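Each structure below is given as structure tokens.
The same subunit A turns up in both complexes below, where it pairs with subunit B and then with subunit C.
On to the complex of A and B.
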């Protein structure tokens, strides 16, 4: 800030300074009040309420709301269905995160080149992202029916395809596949943007030094896109933990409990069994799992993410 | 500068704002039912039909009620929700403090809604009204909706299940006409599965289509004729692994995989589309059938334990958490009195002796002929037993559905699955 030459303005008196400080404080509070209120009302308050509900036996239809302490959590961890659900959720998240990250990175690498018609391929892979999940699930429901298009196609080669969505052995794999095809385009676009920001002179230098394409990717490209890889890992993990729509539309958590992921189990307990207190306890457990996984990924970033070391 | 390093005044102000917000939210969450407002009120009815013709009749009855009670009721709204999500929609509304005044109730939820106090007792209002005429009600049809002399809902739709048959598929497979089998006393599940297997093998289409495993109580339309019951009559003993149940589900599994008589989960054969030979359902299905294939609607076949007619019910009741329970009970009484029940009978078979006639039901099921209405609706309706109901149905329904999905797998250990199921759900009995 420049200063006028000559005499400085007279310093404000003590009372004026205090008044100005109050005005500044009021202005500051006014400016942060909106976001703080929003975070409290739409973020913190629902979480606090869920925490409170999880300590109660709440059946809305019967008008019952009784404090039961940690009983809901005790009941939950003693439930074999919940234990199965945790295992299914783990398998689902690992399956989705690994396949979606690797396939998205492969696609982005393949499509990260200047050539005629490349936009068409990029659009084709991204298209499922903008398709409504309900429509996507319905199409796959027909494709994967035991007498559907996939098995009809396999039958041409003498292969008897399984009952994909109704077989305990294949249902979870099928849902992972459906979720993969639906979401891989989004991660592909993120990776594509990251790949295009890799300085070409570094890659050219590597090429001049005789590095193979794989070596250039491993030593130059991948380290530089690790911030995006970390973001994709966090977003995909959180998304996979909260998956609900395809399970609800395609398998209802079955057959048996083969696809009964924790977010669907929460819905079943709260809305079908009408046990909101127990459902809230599941919500708290899910929240803690998401929080721990996200914090874990975040704290490990210094070990492998570029510019964080 | 974070909140924790801010000046004390700023910190106090921020904490005060947060406290006020939290207190406001807590107060709004804890506030009780508002006082009954003065003046005419709006009554709201939750239901699962969005059919315009249904709503036209409902609104006609509601308008007449409003005209008779202008100082008490200003409007009556019928809010439709999809059937699949209907119980959940009801729970969500009640938990949000927006309970409808009246609601349709599924047969399967009847006992738990009554036991848990979800529905209000309306017997005083109904029994005192000569126009409602309780003596006209078919004996036994209010059983699932009553407790200790109280009446908690009116089963506005009471009808027996029947078997839809695709005659074209049977003919293509060289099979007998079901009417001939009924006449000769050979209309049995053994014969039906034999015919269904033949249809599947010779036409490539489906045999017996089971609606969905999620509505597993409707399997009572078959297991009742095997002498199987999911629980004892008093609801205190689970019987999922009884010898009769094991025999029944073993039969189901064999007819899915050793033969192709029952459509397997995951197969897309559908009776309405003409690609399944048999389907058990209600008269309402006839409305969605056209002339693209020849079909019939016949009584349920006999099983090893004889022939058992089974009825489905849907009822309308007043929610105990309604803000206007007395007005709602008055409307329920008016909506279902003898005169208005005749209007409802245009769509739903009523549990009234005066309305269980060929003329009345013909109007509701225009695609069914006299023989189908008399032989599959009216006569079986006299002896039909209700679907099983239990006070904790919602709590174990999905556990049962999950187990039944495992039973419908090739080489399933039916007995083991049923023993596991029994162990899982026993906590809800006794």
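On to the complex of A and C.
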């Protein structure tokens, strides 16, 4: 890109203006080429390819790649493991989204005031967000072991804690807790920014009218922060659907299939059992779920959200 | 998404009047108790590096009863942590550099330059933003194998530098450039400067905030990479640090708890230190866009 190319002090006219527009277009195309090619090669193409793979019985171990039509999908939706996986994914996503949203809102409300040391607490709640997921999960693996620090602490009060990560009834709950503490700080700062933008005059007016703190929150604060609530819901849902590290590290989808969320199930089928065709079919299902949820939340946003920023 | 609001102090006269309901002391107490699940695991991780293996389980004490430096020697010998650390560091730097350069250029072009189908092309890039890595990794695995690049760092660097995360960075820069007043650029244009020089010499020097956001997001994301090395890398000395942390066993296959926790601390502490010193930047950056999963 030559410097001062076509530098003309006076505004160009006619043919030279068209030449300038052409140069601008060429420059624009050149500047966006990297991300556009990237989106095609590492976004669009993989999607088309797993679409094709999902129609094939592809198993490198057996050395075969045969077209089988929709067989993989028929097999998938008929398998009890996959049905369980869908149910577990639903429970996990709902659990994470609800707890993360409520706890984040609670923490943001507590931190939304002028007090000495408030920044320290904000940093504390936010710290796990910057910690590597593998490190966070590893530490909780120690803490939640049957004779780990948590249960040893509970024993002081005569409480026999469960084997958090290895008990079919507690494993999913435990993973949700680990995910909650890892990610809630991010939603908290989003809510904190939103709360600080609520005009205090409105809240004062509500107070003078005798509205209780809860009534003020419901009638004044919440409607004003709905754009942020929406954003938090979308980000948390997509994040929860992509969950991988804590499952792979702590439970391997178990015990049984108690924590076998779809993103982990895909990895297990494709890269452990080497059934890439079936794995691709799971990938298509995961993609469709992400797509539908994102589109659904965007259209919901139009009806529900107070003020589009 | 007004990140600047975060830094603004809360209104002086708190309308919540907590004082009426619970004293400030009770509030501090609540904040401290709530902080336990966020802070205790990190403190426990660091301090348990100095515990004998027998003290890791069956105890809830934070500080070691018996301090030992046994683990320190094993951190770098049981598993090649130093090469792994280097792998994570250099791949993250390369990915971050590629991302910043390409996303800033594209963000500027999408915000300011006119070329055919500009909006459709932008939508194409943006639509890949939420694509889960679990979905794209199977084809990328196959291409990598066909190119003979398994067990190298190429499949870690290129797909992450040019994939869906780049789309997020493009979006961040475009939004920022759209918010910049056009007058400066128009003045420079009248002086005869071409568009690319205007971008490189006038606009970029004003773009510290989105650049910091993209750098922090991309670097954290790359440094914490997990499923890619798990799938693409076999040799221990080519692994990145995240997977390396799971490889702490003695020659009989028994886990070396304290060495693992030491290695984990060494991975986490530098990031946490940078976070504490640049807290505002981190909070603003990560509150602007999602970095989850």
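Throughout what follows, the second predicted complex is superposed on the first by the 263 of 309 C-alpha atoms of A that agree within 3 Å, B and C clash if a C-alpha of one lies under 4 Å from a C-alpha of the other, contacts with A are read in each partner's own complex, and residues count from 1 in each chain.
The rule we apply is simple: contacts are C-beta pairs under 8 Å (C-beta built on N, C-alpha and C of every residue); 3 or more make two chains touch, one makes a residue touch a chain.
Bear in mind that the values here come from a model prediction, so they are computed numbers and not experimental data.
Engineer: Could you look at A:99 and tell me whether it touches subunit B, subunit C, both or neither (first, second, both, neither)?
Structural biologist: neither
Engineer: Output check: A:297 vs subunit B and subunit C. Expected answer is one of first, second, both, neither. What do you get?
Structural biologist: After superposition on chain A, A:297 lies in contact with neither partner.
Engineer: Is A:273 touching the first partner subunit B, the second partner subunit C, both, or neither of them?
Structural biologist: First partner only, subunit B.
Engineer: Which chain, subunit B or subunit C, is in touch with more residues of subunit A?
Structural biologist: Per-residue touch count on subunit A favours C.
Engineer: Check the residue A:226 against both partner chains and state whether it touches subunit B (first), subunit C (second), both, or neither.
Structural biologist: A:226 contacts neither subunit B nor subunit C.
Engineer: Applying the document's definition of touch, where does A:45 land relative to subunit B and subunit C: first, second, both, or neither?
Structural biologist: Both partners, subunit B and subunit C.
Engineer: Looking at A:75 after the superposition, I want to know if it touches subunit B, subunit C, both of them or none. Which is it: first, second, both, neither?
Structural biologist: It touches nothing on subunit B or subunit C.
Engineer: So, A:142: does it touch subunit B (first), subunit C (second), both, or neither?
Structural biologist: In the superposition, A:142 contacts both subunit B and subunit C.
Engineer: Once the structures are superposed on A, label A:59 by its partner contacts, choosing first (subunit B), second (subunit C), both or neither.
Structural biologist: A:59 contacts subunit B only, not subunit C.
Engineer: For A:163 in the superposed arrangement: first (subunit B), second (subunit C), both or neither?
Structural biologist: first
Engineer: Would you tell me the residues on subunit A in contact with subunit B in one complex that are also in contact with subunit C in the other?
Structural biologist: The answer is residues 25, 28-29, 32, 36-37, 40-41, 45, 49, 142, 145, 147-148, 271, 276 of subunit A.
Engineer: For subunit A, which residues count as touching subunit C in their complex?
Structural biologist: Subunit A residues touching subunit C: 1-9, 21, 24-29, 31-32, 34-47, 49-50, 53, 107, 109-115, 117, 119, 121-136, 138-140, 142-143, 145, 147-150, 152-153, 156, 177, 181, 183, 185-186, 189-190, 192-194, 196-197, 200, 203-204, 207, 213, 231, 235-236, 238-245, 248-249, 263, 266-267, 270-271, 276, 279-280, 283, 286-287, 290, 294, 309.
Engineer: If you look only at subunit C, which of its residues touch subunit A in the complex?
Structural biologist: Touch residues, subunit C against subunit A: 1-3, 5-6, 8-18, 21, 24, 27-28, 30-31, 34-35, 37-39, 41-42, 44-45, 48, 56-60, 102-103, 105-106, 108-110, 113-116, 118, 121, 124-125, 127-128, 130-136, 138-142, 158-159, 161-164, 166-167, 170, 190, 192-197, 199, 220, 223-224, 226-227, 230-231, 242-243, 245-246, 257, 260-261, 264, 267-268, 271-272, 275-276, 279, 282-283, 286-287, 290-293.
Engineer: Given the complex with subunit B, which residues does subunit A contribute to the contact?
Structural biologist: Subunit A residues touching subunit B: 25, 28-29, 32-33, 36-37, 40-41, 45, 48-49, 58-64, 80-81, 142, 145-148, 163-168, 252-257, 260, 268, 271-276.
Engineer: Please name which positions on subunit B make contact with subunit A in the complex.
Structural biologist: Residues 7, 9-10, 13-14, 17-18, 21-22, 25, 29, 87-88, 90-92, 94-95, 113, 116-118, 214, 264-269, 320-321, 394-395, 397-399, 401-403, 405-406, 408-409, 424 of subunit B touch subunit A in their complex.
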